Amino acid sequence: MVVTFWVLALAAVVFGFGVFRLNSMAQVTFSLLASFLAVAGLVLLLGLGYLGVVIVLMMVIEMVIMAIFMIMYMMNPAGLMPMAMYHNKPGAMTISVGTFVLLATGILLVDWPQRTGAPAPDPTFALGRALMGEQMLTMMTLGITLFATIVATVVLSTGRGRYDRLGDDLDARSADDPLGGGVGR
Amino acid sequence: MLSLIVFLPAAVAVVLAPLPARLPGHVFVGAWIAAALADLALIVTAWVRLPAAGVGPGGFAFEVRLPWIPSVGISYHLGVDGLSLPLLAMTAVLFLACGVFALRETRRVKPFVLFFLALQTVSLGLFAALDLILFFLFFDLSIVFMYFVIAGWGHAERARSAALKFFLYTFLGSLALLLGFILLFLAATPHTFDIVELAAANPLAAGGPYAALTLLAIGVGLAVKTPTVPFHTWLPPAHTEAPATGSAILAGVLLKMGTYGFVRIAMPLLPTSWRQYALVVLVVGAVSVVYGALVALAQANLKRMVAYTSINHMGYVLVGIGAAGLVAAGDAQARTLATTGALVQMVSHGLITGALFLLAGVLYDRGRTYELDSYSGLAARTPRFAALFAVAAFASLGLPGFSGFIAEFQIFTGSLPAAPIPVAIAVTGILVTAALFLVALQRLFLGPLRLPDAPGTPRAFTDLRAAELVAIAPLLALATLIGLAPRFLLELVEPAAAAVNTLVAR
Amino acid sequence: MTIELFLLAAAGLFAIGLYGALSQQSIVMLMMGLELMLNGVILAAAAFWYFLAPAGTEGQVLIVVVVTAMAVEMAAGFAVATAIYRARQVDMTDGAADLKG
Amino acid sequence: MEMMNEDPGALIPELALLGAAVLGLLAGSWLPRRRQWLIAALAGLAFVAGIVATALAYTRPAETVFGSYAIDPTTNATRLIVLVATLLAVGASVDAARGQRRETEYWVLLLLGALGSVLMAGATDLLLLFAAFLLASIPLYALVGWSATSTGTEGAMKYYLSGAFAGVTMITGVTLLNAAGRGTAYVPLRENLTAAAAGGRSMPALAAVGLVAVLAGLAFKAGAVPAQFWVPDVSDGAPAPVAGIVTTIPKIGALVAVYRLLTQAIPEHAIDWPLIVAILAAASMSLGNLAAFLQTSVQRLLGYSAISQVGYVLMAAAVAARTPQAGPALLLYLAAYAITNLGAFAVAAAVTTPEGPARTVNDYRGLARRRPVLAGALVVCLLGLVGTPPTAVFLGKLAVFTAAVDGGMAWLTVLAIVNTVASLFYYLRWIAPLFTTPAPTAGPSENHGLRRRWASGVAVVAALTTLIIGVGAQALLGLLTTVP
Amino acid sequence: MLLWWLIGVPLLVGVVLALTGRRVDPLAAALGVGVSVVVLVLAVAAVLIRPVTDTTLFAGVRAGFAVDGLSAVLVVTVAVVLVAVLVFAAGEPDLRTGRFAGLMLVFAAAMLATVTATGLAPLLMAWEVMGAASWALIGYHYRDPAAVRGAHTAFLTTRTADLGLYLAAGAALAGGVGSLRLDTLPTATAGWRELLVAGVVVAALGKSAQLPFSFWLSGAMRGPSPVSALLHSATMVAAGAYLLLRLNPLLGSVGWAGPLVAWIGAATALGMGLAAVAQRDLKQLLAASTCAQIGYMILAAGVGGTGAGVLQLVAHAATKSLLFLAAGAWLTALGTKQLGGLAGSARRFPLLGAVFTVGALSLAGIPPLSLWVAKDTVLAATLAAPAPSAVALYVVGLAGAAVAAVYSVMALWFVWRPAPPAPQPQALDELEQEPTGEVPALTGPPLVVLAVGAAGLGVLPLLGHGLLRPEPAPQWWELVVSAAVAVSTAAWGWRAAIRLPEPGLLHRWWDLERAARLLVVRPVRRLAEELARFDDRVLDRGVDATARATVGVARLLDRRGETAVDGIVRGVADGARALGRWARRPQTGQLHQYYAQASVGFVVLAVLTVVVIVVS
């Protein structure tokens, strides 16, 4: 247990650090993924099996998407050229180290209370009850947020809308797309 | 009735607003004059009917009280008594005079008239208001409308910055006032903004630092508007840059809002603290008197000079009401005299200084400058102007036979028992004012004739036109009437002053 | 294996993420920093749940919410990056600094 | 597990917004470009329905639905304010959005953003609060970038990145509060924190850090210091109606959420939150006002003004636990501010120059002569923002100042007074050119651009409303004073 | 009612005339004389009926007017001199204006009100109006800067002294005399009474041009001669004496007041007499002499000799107005009032010469003319007074009489001196105005009437009763002594007239005006200018200075160098601008800097909160 903890914790931090130290986009992305996976491992270690798995799945997908975006937008997709994309490094370092020192001080100084109660026999089941119970509205709101996110991302990221494709009255015979495919009529 | 008096000008403004601005200016000014006349008639009616209204001392006539925001103790509460009615009348007269004077205004007449009608409503409303928030409403709006008048119709670009200074400074004062009102509101149980209720409840009778702070906030707020030294620096530029009618209203009416606030709010609502700090008020007044007079003496610009005399004259008011708070020192008669004098001074200053500023406007109209050195010997060229100016000057320096004397004599005699030394120093103010007005008269009117020959002076230097005469002469006539037969005014003011003093003395 | 150690690890992730958010020019890299901060939050939430109040479910729900938020923010971030790239062919925050003062 | 009130009937206003958003998006996909205004009508209908439903439910006793959402007078008041404000925003946006290719999405995003703002106000659980925070943020990022202009997109980027950072901070705070208070729902949180405070200083300190972090997120939504940086850039970069929306709608929900969080979840004796909030208030009002001084871009000016106005509202929040007047004061101020601010932005949306929308104060030269009614509306709105009676904001200021003094924060009131005077200066910088003659180079400006009737109309309506509220405040105050 | 008519008629007609402008000029002289006759009739009626009115002025303060013994004398005196002067003025072409007649009437009304007032408040009102009217009359020739300056000096000096009356009114109120009635003033409580008396005395001394205020009368001589005749001999200057005579009981109630007043009167009588000797301008001589003669009235008031004072007042009024009018007539005719230039004038205009002689001899105290009697009555009262320095006062008074004889006779010598054979043309340069070369016929009758008065009023004590028969009457030896002194010094003066010295100090009226300017006027002006500068620079710029400091700090902060703050709006605005610039600096447009600042902000806030918790 303890060994696992140390390994995973160090891995999470080291890979996390690697995100801003590595030169290649691919390496960066996978370093981040590794950090996430380590954290997922730690979560599993704490007995939250379901959540650990969810994190693993979510992050793998997310990092893949991120990698694609990296390749789309960034100047150095494969680490062929060294990157210099920093600004205000000393300031950032000061602030982040300071924050860490403060947090660590707090963590060490706080008089952590005793554990009260024990985990439910099946934490996942308890989670499910909570999500369907007192946190239902939260989940519904998150659902609406996802809906909103879809609309928002479409608005922000697409350059051409339905009127561009199908004419102002949406009555074009075929969609006017620069490239073929899509859901044309 | 009071609501009608207060809102008649605003109603006229609303009617005028949709008319096209292309109509001749006389249409708008005419409507304004008509409104002012009607308002004056209503106020005179109220004055005549006041005895019949059967109001005891400390009571209010023609009271209107409607709930406005009852949950926080704000009501639409109007009423008049001997303190406010003379000021209402003075306001109406002054606006009428300005209306007549404005007949020659040619620049953007419609908005000009609208702003003055609005100003008239807020001025009248302020003097009739019996609710702190209502008072504040009118207090603040007067600043807003006056800002537009100065900025819009003042002299050139400097007017904008003078107006801005005026707005910022007096607005700061008004907010200090609001803070004081809030402190009063919170002190009273139940919380209320009603002046009459607050006066009756006397929530801060115990005095103490809270009450002192309240008085400080209210005092500073009103002192800025009055203005007293050292809060006066907005006044000279504002006057210098404002149009003549604007100056007349600013000095004649708006300054009174500060001093009226003292007698209507600070004295009756904070009697304990007022008594405690009355000497401070008195000394500030005395300093304003002497300081204002001396600085005015050194001015070379006619309007600045008159502006500083306003500081001097408002200082007398503070001396009078300060003395009224020194209960231990003076007897009741003296304090009544002092307060009465202060109130009469408000009316008197409105009439006289209004006339002086209008006359200054005439001078500017002809010569395009207020510099005294640019003129000489005008008496020969413009005898009527010279005569009216001389009369106004003598009235302003407190010559008996004019209202100023009636006010100042009462203030001096009434205050001297309370605080001999500051008052004795303040008395010298009338000497300095005499000197400065004599100097001004001499520079402008006496000696050999000389006119400014700046490029901006196209027209012949003519004597007063009929409209100007009709606007200014009645103001001075009224000042003379009060000076010679003051009883009609004093019968009204004295009981009210005594009532205020009773409230202060409790 | 104490709560302090878990939290220190979480704080470390948080601080590294913060460093990234502060120092990265590229929008996507910056978002990675934010992700890393959230990563720390997940770890902390789990630790809090386990060591302080395992009986409750708030800690778990919290992790669900964080994960969802990550997804949502990521999606929005990519959309914004696309939009700004489309509008001015930049993907650096420094390149979009016309609005200031 | 106890029985929970899951009455969807209590959520009609929220459901109306959601329904309109979903329906609108679907319908919009089949509407011809010129007919998309129907979605605006649908949105308007939803707002009106929400207002009616709220009004009908106003007298219902306070209740909590789904265990995490309070329906009490505060929520109802917030609903009304948000719905009315958004309705005005719809009106102000019509000219700009009409016939655009993404018009449908504009209205949908607006609906969702408003929904998020309302949910924030009613949330009594930190998790719901955070979820609502996300909902109130995401659609607005898209709205800012909706026009796809260079500045609009930059604004969207800054808005998004600020929001993402604030979101991280906020969820961190939620985690910490959850740790310290062993719960995320307000009621147990308060109980546990009270109990923990008796046991030592560790847990209050932890909770305090958490609270500051949560407030950071809310400060971002409200545009308060030190998360205010996006406000001027976004209001400058986005089209005027959008700028009006982002500086108004989320602010309402966020500030009510601050109020609710502080009064319901955090015991004052455990954490000295009045101090934090007072500092935020003081910093916001001072910084916003000072930075607005030399602005010549009107939207940027209004952006800074929005920062300073948050400061005044936070005054009420700072004394929320000390005086019963704080709650009504906060709501009154928000209501007044929302309408007045939208009015000012509506004027900015309505005035055009030959080159396009009027952006600097110099573009407003001579407006008083050209369009006197619009100029009048602007003067009323700007003086309203200053707090000149008889406008609504004056009453708001009066209430806030009173509450602050009553709550023992007279120093804050004095600071606010000084700030108010300072703010007058820059508002006058905008007002003064209205009455000057236009520069001789400017041609006849009557004939250019669109006749932005809707925006003008909204400006006038907002100006009139602010005056009506100012004069007839009792009606509004009656709605708000029932707030505990 | 009669009293209201008495005061109201001249006042109203005067105001109307003064304000109507040039349209009434042709009628003005006649109207003025007519009204003055009406006033005389009313005055006589008032003396016979002795009316009393009383009304409320302010809260508890009464405004009453009444004609009693003292005021009866004064009312008639004023009315008579007014008629005489206006008739005389009707002969002067440039005085035949509405303004002149109107102002004279206003002045007369004020004087009548002053002498009939029974309360301090109405007295003060009339008193001040009198001063203002005198300003307007002295400055009648407003194009003459010297006249205007003289008017200013006169008004401001008398108003300075008038402040005493304001203080006196306050003191009376404080002392418990709420009604401010003159007859109740002595009942004021002790401390306040002293202030009351001091105020009244200062006011009276100022109005009466006593030491140290005498100088204003010199400047006032630039006014038209009829003005000098009415204001600066018979009425206004006498008002101060009247006030002290009227308030004799009050003076008596304060121990130091009587002797002080008496000594000032005596000192003025001698000092200004000496100044008169040094004058070579006839009007200046007469003015200084007026101060000296009024000194006797003041002396009388100081020693309690009311009747004596009144007698002196009346006799002096007739005498001095006669002399002034004569001097004025010469000035009109010959264009000069310099004694040197008046040589032969008495011979050229015999009537003028005759009446002038009567007046001058009366002034010299030559028996049996009126001032001889009057002065002796005053001196008798002095001797009879219980004051310890009675003898000293008597001696000084007698010395004053001797000096009076010298200057009177000196003036006589000059006017009777034979004229130079032919007037030099170049002398025209020295003339003060265009000579008309003739004396209008209208000037005759009033001069004769006044001459009769100057000669004969000395018989009043024989005919009169009450006030006009003052007790104690002078002893026979006193009369003889004074007659001897007068005659002998007069004889000496006649011989020495041409050789009499004109020491500069005396010629300049003891340099009183210079002293006043040096000690009062200049410091006040300096103060005013300094304050004005202070007002502009310090008070107004106080905020400005803070602003500049802030700008300095801002510059220090900003290495790149902000442009200087352009001061369109001064003061607060400048400071606010600087702060505004400073406040905008965080808004760099760079997102990472936003992040950094926000992070620091939150961290600081969180630390602060925790510290508060830990510390508390």
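Annotations
In this document, chain identifiers A, B, C, D and E correspond to the written order of the chains, with residue numbering beginning at 1 in each.
The rule is short, and it goes like this: a contact is a pair of C-beta atoms (placed from the backbone, for glycine too) under 8 Å apart; a residue touches a chain by one contact, two chains touch by 3 or more.
Here the structure is a predicted model, which means the values were calculated and not measured.
Chains making contact with chain A as well as with chain C: D, E. Ranked by distance of CA centroids from chain A, the top chain is E. Closest chain to the protein centre (all Cα atoms averaged), using per-chain Cα means: B. Looking at which of A-E and C-D shares more C-beta pairs in contact, the answer is the pair C-D. Using the average of C-alpha coordinates as each chain's centre, E ends up farthest from chain D. Annotation: 92 Å between the Cα-based centres of chain C and chain E. Averaging Cα coordinates per chain places chain A and chain B 70 Å apart.
Averaging Cα coordinates per chain places chain B and chain E 33 Å apart. Averaged C-alpha coordinates put the centre of chain B at 64 Å from the centre of chain C.
Those residues of chain A in touch with two or more other chains are numbered 87-88, 91-92, 95, 99, 106, 112-113, 116, 129, 135, 138, 142, 145, 149, 152-156, 159. Residue positions 127, 131, 134, 138, 141-142, 145, 148, 156-158, 161, 165, 182, 205, 209, 232-233, 425 of chain D are each in touch with at least two other chains. Residue positions of chain C with contacts to 2 or more other chains are 14, 17-18, 21-25, 27, 52-53, 56, 58, 61, 65, 72, 76, 79-81, 83, 86, 93-94, 96-101. Pairwise, the chains that make contact are A-C, A-D, A-E, B-D, B-E, C-D, C-E, D-E. Of all the residues in chain E, the ones that touch chain C in their complex are 584, 587-592, 595-596, 599. Only residues 18, 21-25, 93-94, 96-101 of chain C touch chain E when the two sit together in their complex.
Residue ranges on chain D touching chain A, taken from their complex, read 1, 4, 6, 18, 21-22, 25, 29-34, 65-69, 101-102, 105, 108-109, 112, 115-116, 119, 125, 127-128, 131-132, 134-135, 138-139, 141-142, 145-146, 148, 156, 182, 185, 196, 199-200, 202-203, 205-206, 209. For chain A in complex with chain C, the touching residues are 1-2, 5, 9, 12-13, 16-17, 19-20, 28, 32, 35-36, 39, 42-43, 46-48, 51, 54-55, 58, 62, 65-66, 69-70, 73-74, 85-89, 91-93, 95-97, 99-100, 103-104, 107-108, 112-113, 115-120, 123, 126-127, 129-131, 135, 138, 142, 145-146, 149, 152-157, 159. Remark: chain A residues 106, 109-113, 116, 129, 133-139, 141-142, 144-145, 147-149, 151-156, 159, 161-164, 168-171 touch chain D in the complex.
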